[in-house]
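Quick heads-up: structures coming right below.
The two complexes that follow have chain A in common; it is paired with chain B in the first and with chain C in the second.
Now for the complex of A and B:
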């Protein structure tokens, strides 16, 4: 990154500076277009969760909070929220414990085999969620496990695990393992070493990875839908409303989910970025 | 390291979780594709009947072909965008790279169902785009080809997949320094030539991964075609989902459909990687 700034005194020539900024105009426009493309759905959803007209069209006639009232007043809303949170917390805890352990374990492998192991561990994120969803549904019915929150929670944990492993692996690349050996040499038990040395060092990364897993679970629909049976979650509720047609309370419900997801991911991002340094 | 065997043992919980809840379920799915279903009950056995159905039914063939075309179109739009974004992040605005990456990743977590629904309200016949264009008198009749078509499916999938494709390409590209490109430039390789002979080969693993992810996830999605595909917009994912959640579920048929889709995707992926290697070697 420093190579870029050391382009020398030529930079000060005004014409060059002008041509240089002109050359950056194209890329800046490109980035702007892509970002608007990515965030257009977000902005539309939030904007139309406040508009009076239930038809999603222009011009906007006025603003209201009615859709939020009807979203929160939906009798299924409380149940769905509780289930969504249960799924998010349980799957995130499992994914973080298994993923962190795996990321530590993988540091004992070197070179090509490590890359292969890491790639293999990312597979659940690289096949369509649909295939994982039906495979789990078939598996659970085979072992006689009734569809419900438990099955869905396991599905979420499998889906989140790759992301936790990736995050923790990035953190452990700069982890100094000699501190652990020093602690052991000074007589600390493995448990003490983990509690007093390892955990404080990796704590922010662990929380960051956990929040990522929570965000993935909160937003998960496909695996949930095939495994949860008759239980309700927020995404399943949104899906039900979507199938029934245009209902502006979807926008309100979606905005609530959106805002919480974005907040969680921003905190997670901050934690994992900070722990990298 | 003296206790590396102990550390290696930490892999076990993760490996067992994957084995039990990922590998075994997928294997069972594969086995079920050879079973039969009579009166909603599964009967063990070995029959190729479902695979025959998949390949002989013209409906399935058409849907598979359509799925491949839409997924290919999506991946061929997503990968160049992700490549250009990575290039801009690494070589044009390197000091803003981290910020841009974070912003784009946030969009990835801005609600899967929500974004799909939002695109329907944007692209619909009486949607935001059309009413806005009519309001500002740019058009008089609503544009209809943008909704319930392959285009609306691709537009939505592209938005969903750009962040996922960006990650692998960016992680390859962030290892390439500006010096590499300057040396290439001094040696007379500039512009498109520089990309083809220097930069693309260097980030090829990232490009291949990005293509694989976008192609596979686009081909396997059933929510986007359900919401934006209209009556003729069925994709392979819908066929599979219907065999499990539809009115007349047939698990063995659904399983063989899923296995066929996976096999086709892997074959196309391998073909693509071979092609890219050939092209960049020129």
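Now for the complex of A and C:
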């Protein structure tokens, strides 16, 4: 260390420090911009579901729960909720049963044929919902199936099947199949092996995949719209309300859907990550 | 008590066009420790899976204690397996793993608890019943797997290279324990391994397998001293193989002329003059510069010492007898005092310690 110091190096040091903090700050700012771009509309929706003024305008004059009251008070609301839950549960159960069986099935196939089977099963996720919705509607009318909850439920199951398969396939990659042989060897029948070994080991992943399917079904509109006929779901109700003009009770409904989806996806994520140990 | 524990009668196994097992006939006595020994791909694991019921034989029968089980599914057979990597149930603790087969047999909770405790003592894991499989070391996992397989008192225990994932020290320790446990229980153990030392240490009987066939069955001593084929002699222990052609046969003795010109002799049968043959002799059977040991003065083999390697209890010489052809000789320490690298030495052995085979490999011959 020298005692003599000119002011030059010190200034250089300061600019270098500033540059360094800028270099750190830059990415943070960028991330912030992207996140606000993603979430600003959502935040606005939630915010205006609580405001007194029926118009979406600033400044906010006060807060109220009236819009929630009016949304829940809508005579169609109860019906739509029941239908939405029915669709979500039935399609999730179907998707989980088929998806899990499929994921187990392709573990016995090796190499190129396995990759082809897996890719083919994931394709519905890449097909536009519009195309899928119309295709299903045409197919159902072709086989003489009336539009309704059943058709919509089948449509939802098709939509969530790829995500269930993807989740279960990932889980089975770390699954030790010799444990199943060990159980059989120790005297367990195939059914007992499934009940005592397979199911407990994959249970959390199955529940996680099921919740994902529920989340996908809850807010599905396009496929539902083409196949549900005269029945009502929450997304269909929101769409109907929108046609009559912007009404803050729509914001209230959307906020309810949003909060339930966030909760479900969070639980689903935790379960599928934990089950992979 | 010498009824057959497991009888394998004329078993064949095809995988598509590949024949994994050729006409296997093997009788394993009840209460014996038998090893299926062979290189990877020799069919030993396939044979084990046929005995356990996880593979179906293409033809032939499997009997356990005289009962034909060829078409019995694995969960109804009285055989249990110890898998290579334990295959413990990850969602059950050690005690639940060990007690699983008993739970399936509908034993009472108290009976299961007693038996599990016995098993934990047997494999020296007292007090670890509450641990999860992920909290165990590799050696402990295999101990639990062993206890789990033994808990329901199977008539035959099948072990599929259970120690191969462990380090050498632990492996040697576990070998001795396995031997003790088997003697203590008097159970039939069938042990699959590619490690010849392991097979020699553990077994009452060894079945040497190669390319889907059982090449030789015998006690470790028999197989080491009198290997039935060139493969068995090469696979078990270290051995020198010298190639040549049969020059003369008489009274179970075969004279063989090496490709390098020397004339040697060893035990052999079913050979005719002019046939290509291989003479095998163990490194520890070879003496250096010890005259008179040669039964006939016309048998001579000499070479140049390439290296002298101290191995602790013995010393190994690498001796070049011809360009690129090296013979190993293991000597006591005193015998090597006067030897130096580069010196030329004469090699000899007792004729009964050498075997002559019909050459198996059509490959490189020196």
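The criterion applied here is as follows: the second predicted complex is superposed on the first by the 253 of 277 C-alpha atoms of A that agree within 3 Å, B and C clash if a C-alpha of one lies under 4 Å from a C-alpha of the other, contacts with A are read in each partner's own complex, and residues count from 1 in each chain.
Please note the rule applied: a residue touches a chain if its C-beta (ideal position, glycine included) is under 8 Å from a C-beta of that chain, and two chains touch if they have at least 3 such contacts.
None of these values were measured; they are calculated from a predicted model.
Q: Overlaying on chain A: chain B and chain C, fit or clash?
A: fit
Q: Once the structures are superposed on A, label A:250 by its partner contacts, choosing first (chain B), second (chain C), both or neither.
A: first
Q: Using the touch criterion from the header, give the chain among chain B and chain C with more contacted residues in chain A.
A: Ranking chain B and chain C by residues of chain A touched puts B first.
Q: With the two complexes superposed on chain A, say which partner A:27 touches: chain B (first), chain C (second), both, or neither.
A: First partner only.
Q: Which partner does A:176 contact after superposing on A: first (chain B), second (chain C), both, neither?
A: The answer is second: A:176 touches chain C but not chain B.
Q: Please indicate which partner A:196 is in contact with in the superposed arrangement: first for chain B, second for chain C, both, or neither.
A: After superposition on chain A, A:196 lies in contact with chain C alone.
Q: Look at A:185 in the shared chain and tell me whether it touches chain B only, chain C only, both, or neither; answer first, second, both or neither.
A: second
Q: Once you lay one complex on the other using chain A, what is the shortest C-alpha distance from chain B to chain C, in Å?
A: 6
Q: Overlap of the chain B and chain C footprints on chain A, residue-wise?
A: 181, 184
Q: Can you tell me which positions in chain C touch chain A when the two form their complex?
A: Touching chain A: residues 52, 54, 73-76, 79-81, 83, 85, 87-91, 100-101, 104-105, 134, 148-149, 152 of chain C.
Q: Sort out for me which residues of chain A touch chain C in the complex.
A: 176, 178-179, 181-189, 192, 196-197, 200-201, 277
Q: What residues of chain A sit close enough to touch chain B in their complex?
A: Residues 1, 3-4, 24, 27-28, 30-31, 34-35, 37-42, 44-45, 48, 55-59, 94, 97-99, 101-102, 104-109, 117, 121, 123-124, 126-132, 134-139, 142, 154-155, 157-158, 161, 165, 177, 181, 184, 215-216, 219-222, 225-226, 235, 238-239, 242, 246, 250, 254, 257-258, 261-262, 264-266, 269, 273 of chain A touch chain B in their complex.
Q: Going by the contact rule set out above, which residues of chain B touch chain A in the complex?
A: 1-5, 7-15, 17-18, 21-22, 24-26, 28-29, 32, 81, 84-85, 88, 91-95, 97-98, 100, 102-107, 109-115, 117-119, 121-122, 124, 126-128, 130-132, 135, 158-159, 162-163, 177-179, 212-213, 216-217, 219-223, 227, 237, 240-241, 244-245, 251, 254-255, 258, 261-262
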